[in-house]
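Common to both upcoming complexes is chain A, partnered first by chain B, then by chain C.
Up next is the complex of A and B:
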């Protein structure tokens, strides 16, 4: 029997080959290289399933595959780490990437876009970088692929580079995430300096070393005699900088709504499975490190809860379909961060899974609507599409119900578990309770804007000529939608913790058991290990665990239904009007994203001198040294070459002089003249 | 027996004459002859030391050098011929194209 883990590099390399093929030979291939991408991601998907089966068979994989730099203190390596978490993520990423590739046939090829080889090359590299990031076995490798993911998002968001918007949005995405990654890089260096390794798993991994050092054994470096706990918190927060940038958390979320300038399938890929998911996945990957520092956890939880509410409020007033979805993404990743900060490791991974499916579904559904509407994204020009495009409508509805957290769709189970974890752990932690309350408040807002979007798009009377006669979509759009629609309905059933707790059933919380290494995994990377290390204790309201579960679920479901009902009342009419005008001044604030973009521009102008100074230093000192060395050699060379006169007699004379000089030197050394 | 240093002095003298020729003359044929002198100064040294140490290796080397000198003359005359064809002269100070 061939070992499944031997094919781990192939999972990453297949999309990379499709990138090379699309780049080199895309214009000679049918459909601009699309089939290569589909074949590659399908292959990766099958291999990932096989690898997941192997993990389910009780095995795991943690190997260094290539050492690219070795020193006295530490080695820099590439390796693969396959445990339940990364196996699950591999399946999600490859599945979504495969469906996005298929959907692109309908969205890009059938719409007659140009530059398709560049598009498919970008998709291939994007998928490959994300897969490399998922299997990374150390922080430095993760950082490198993290950066590659950022680069690919830049290339794909700016795909329509001839229009003014996309290049600017691409630059913004790149710069804002780079700002976070700067802290991440410092964090990686700090991890190396502190522990001498950046491995995620095993005896000598940095979470294990940090755990041992906090327990009093082992010796780690801290700068300037800083207390260990404080220093670990600093390192955790530094790495968190990259996470905040990539996962679009407050205050570095501003790039994500602009990233909607990219082609819609790319948005689906960015939001569901790759770029934005990378941040949350990184925290989950090194969760053994984060649970050691309660301050970092509290910060994560608070940022997450705040972002969840903050982004949701902005989604309420947007007019464009993809803008609403963009803010919902920020908000949902806020929930995942809240879960991670609240000690709900499984809940966060659960929401990451369900969100990947329903958000990919919503984006692809939006793409289908955009095809039908001839690339008009304004919801006020839509309406009444329900009858014209039933497949898109029903799948989009399933995704919306999941996003709004309506029982029994996928999003309900995961969001409920996040809120439950935040509640039971938050009863003793004020900061966490604040995060919980903000997360809870975001629930009705989410339901409201989601169904405002659904009603405006699909219900009522058509409000434009295109909406009366939309362009039909083909199988390559309906196929991915159907797959994801089914998943958005059923994914929640892999982890029905409330049902288990209330009915007293055993063992239907499959995701909990999966992440708890019940089938297979790596020692020290299991959810109960994290729970043991974590700083939280549980508290219950209404006298016990079961009532807490019931009250929590009832409150969040009730709030979601309230939001849905309000949207129904306001927008599910034949010709809805803009009720947002009633909000008055608040509407302008929300519509302009709390003026945060303006604030960032203002900060950028205020700090212009710093940037100018850095530029002068770079041009003058750094480049000056390099240019100085080269001009010295250049000048010296131009002088010395004058002895090359072309006169053979002079060469002979120089040879003779050299011989005499050598003889005199040897003579002096030998003592002739003494 | 003649002491070894006499041979060495003779060889040094021949070598210096050859060197003087190379440095002062500009005619390529004089060049060739001067080089021949320097090489034979070396041959004298080889043979002298061979005699001094009672070892035949030096004499064998001298034979090799003679063969080498024959080859060198053939190439040298070839170069001089080409020089004459291209510049109409065999003055080595005339062709100075190979310079900076």
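Up next is the complex of A and C:
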């Protein structure tokens, strides 16, 4: 039988080829190269399924494919690491990418956009970069593809580069994530310096070495006699910088709402499966390293919990459909970080999976509404779309129920597990408990803004002429929506831990067993191993595990329903009015995103002042020296040039004199004339 | 293979070149009135390529390598074929092939181009002979065999005053240098009683009172080498000869002829005057080379920075590169393990230089063929009319300046690293400073071609011909310059192996 793992590079290369094709020949192809992209991502998807089947068959893959630089200290390589985590992620990324490609036919081609080859080339490269990142077997390779992902997001967010907004948003996304990546890069170097390798898995991988070193065996480098634990924390936090930037966590989340300037399918791809997911995936990928440093975990959990609540509050007052979704993305990734920080590795991956589907669904649904509304995104101009576009409505509703965490939709299961993990581990950890409380508080807020969005968009009376007569959408929009809608309903069933715990049904926590290498995987990369290494112990409330499960689920579901109910009361009326005025002064703060953008601009200007000083130094002193050197050089050059007189007799004379000078030098030096 | 073939076949690269030259003469004698530029060019290119193939085959088969029975000596030890000789023969044959192909277009309207090809081939034969020379007498004869055709080649454009004047100056300086060199040989013979390198080396160990005589002789031999490699103070001929000569000849002289000077230097100074014995006798020739290298690279680069004409700039830059390559001899120290590395790096640099410098001069030949001017300003906007050739030229320029990702970066890097590890930090530092200066004038060419606008819109209308063979030669040289980067591993290994055999 042909080995599925032999096709791992093909998964990455297929979208890359579609990028090349769209770039080189997109002009001559029908639909601007869309079919090439669809074929490539479909191929990648099928290969990913095959690979996942192989992993389910009990196998794994960890190979170095190409060594591009080798030195005495370490080697820099490209390789592929296929374990349950990356196999799952491959399926998610390729599926979402495929659906986004199909959807683009409706959103871009049917709308008569120009520059389509550029668009499909960008999508292809974006998908390829993300897939390369997913299969990366070492941190440096991951970093390189991480950067490629950033580059592609820049290209795609700025797709409409002739308008003022998108280029600026693209630059912001690029610069803010770059700020985080700077720390990441330093972290990569630190990992190489510390362990001499950046491999994720295997005997000599850096998590394994760190584990051994902490256990007292093995020898790793630390700078300036720093204590090992402290240094590992520093390294972990450095890499975390890149994660915070890419996954739009506080305080580097500001780029993401602006990134809504990109075409909506791109937003779906960025938020559901690629760029933002990359950060969380990276933490999951090197989770064996993070569990070793409790401080880092606590920081991750706290940042995550805070971001979850913080972003949710801002989503409450937004008027534009995609803006609400943007803040919900930040908030949901906050949950994932909370889970990772709380030791809930499986919970985080679970939420990553369900979120990928329901967030892609919501964005594509929003895209469908935007097509119908002739690219007006203001929810106050919508209303009553429910009857006109039923497919969009019901799928969007499924996604919203999942996002709000309503039983039995996908988001309920994953969010509930995150909160459960944070609770049971947080009872002995105050910082973690803080994260849990913030996560819990975010639940009703999430439900509220989600259903505010649903009611304003689809319910009530149409509030504008376009809403009364929306443009119909075609199969290429409805198809992806239906697929994702189904997934948003059923994905939660892959991991029904609460049901298992309460009813005692063994074996229905498939994702747990999958990530625990029950079918196959790589030694040292299992959730069990991480749990053994982790610093947390479990505590229960209400006298035991089952009551804790029940109380936790009931509280979060109750809060979600409360938020939903409030939204129902305020906005599910024939002609809803703005209630934000009741918020008083808080409203302005929320509208302006807590003035964080202003703060960043202020910091940027102060940086500019410092840069101005450096510039003066550079212009005056450094350039002065450089200019001085060059004028001295040129002067010297013209002097030298004068030696060349053109007269052979003078040449002969100088030649002889030179020879004599050499003779004298060596003669005196060697003592020949004594 | 030496067990099968007679030993003289080891000389077949040189013999092939010589026979090709004779064949060209023969054809030209039988049919003197036919303008047979194309057939001449084809025959000489085939001869050069045949020689190159045999050389590469020998290198791969290990002829003369220590693992395959060691160096092959012929003619009572006066000739010695080893890896060093083959390595340099490969350089000579490659450059010769490139030059004769390019010359086909350059001399397209010349009355009697036939002599050019035979002279080039004979000069190349001399170089190949120089590479295998193992006796001072053979060195001198071979050196003259390179020089005499070169004088004629520089003055090849008989009706061009610049060409004739350059030829005469070259000849006069060359005659003086040959005299110095020959006098040096005679002094060494007087002191050591032999001309064969090995015997000279053993005599150097017991010089006693004759150290002064031998010392003067050795410094004079340094002078002869400096002439051939266009190093200070024997460099005066170079700017004028390179500028006045037909551009393919400039390419030939500045690449192949210079490399020929270096092969002599590498062999004579390691085999006939081993550093340990020489220093013990008070003859520290490495010091002489260090001084010459430092002055040469500085003078060459600084003078190149102020030139207005591209060809003259290249002439001075070629002097500067001689300075770099001399580090291979200057940065030696007695008994150091790093000697092989630094000399090997110098050899590798000469190989890379053979391609990039030849390519650059051939680009100038193309510009001359087009009839655009000679200054930097005349090259303005050229990239719009001839993008491929200009890209190739940009590759040459950046590679000459030693920028990654081109082969010139690696060869220079290894050279400087070798010097540093042998304790010659100052020499490497000076080389680095000079490289910075060189970046200035090399990038001027690129800027003119790609960024500047032509002085007048019609300035480039002269470019209406596509000299195919010149194009092919330039592009081939560019491809080689780029491919030598991934292929640098085998090159530096071969070069270090060649150097290792010398110590």
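Rule of thumb we're sticking to: the second predicted complex is superposed on the first by the 608 of 674 C-alpha atoms of A that agree within 3 Å, B and C clash if a C-alpha of one lies under 4 Å from a C-alpha of the other, contacts with A are read in each partner's own complex, and residues count from 1 in each chain.
Following the convention adopted for this analysis, a residue touches a chain if its C-beta (ideal position, glycine included) is under 8 Å from a C-beta of that chain, and two chains touch if they have at least 3 such contacts.
A quick note: this is a predicted structure, and the numbers were derived from the prediction, not measured.
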{"item": "Which of chain B and chain C A:216 touches, first, second, both or neither", "value": "neither"}
{"item": "Touched partner set for A:644, first chain B, second chain C, both or neither", "value": "both"}
{"item": "Chain B or chain C, by number of chain A residues touched", "value": "C"}
{"item": "First (chain B), second (chain C), both or neither touched by A:71", "value": "neither"}
{"item": "First (chain B), second (chain C), both or neither touched by A:672", "value": "second"}
{"item": "First, second, both or neither for A:653, with chain B first and chain C second", "value": "first"}
{"item": "Chain B and chain C footprints on chain A, overlapping residues", "value": "641, 644, 646, 648, 652, 656"}
{"item": "In the complex with chain B, residue positions of chain A that touch it", "value": "641-642, 644-649, 652-653, 656"}
{"item": "Parts of chain A lying in touch with chain C, wherever the complex brings them together", "value": "630, 633-634, 636-638, 640-641, 644, 646, 648, 651-652, 654-659, 661-663, 665-667, 669-673"}
{"item": "Chain B residues within the chain A interface of the complex", "value": "19, 22-23, 26, 92-93, 95-100"}
{"item": "Residue numbers on chain C that touch chain A, as the complex places them", "value": "168-169, 172-173, 176-177, 180, 211-212, 215-216, 219-220, 222-223, 232-234, 236-237, 239-240, 281-285, 287-288, 291-292, 299, 302-307, 437, 440"}
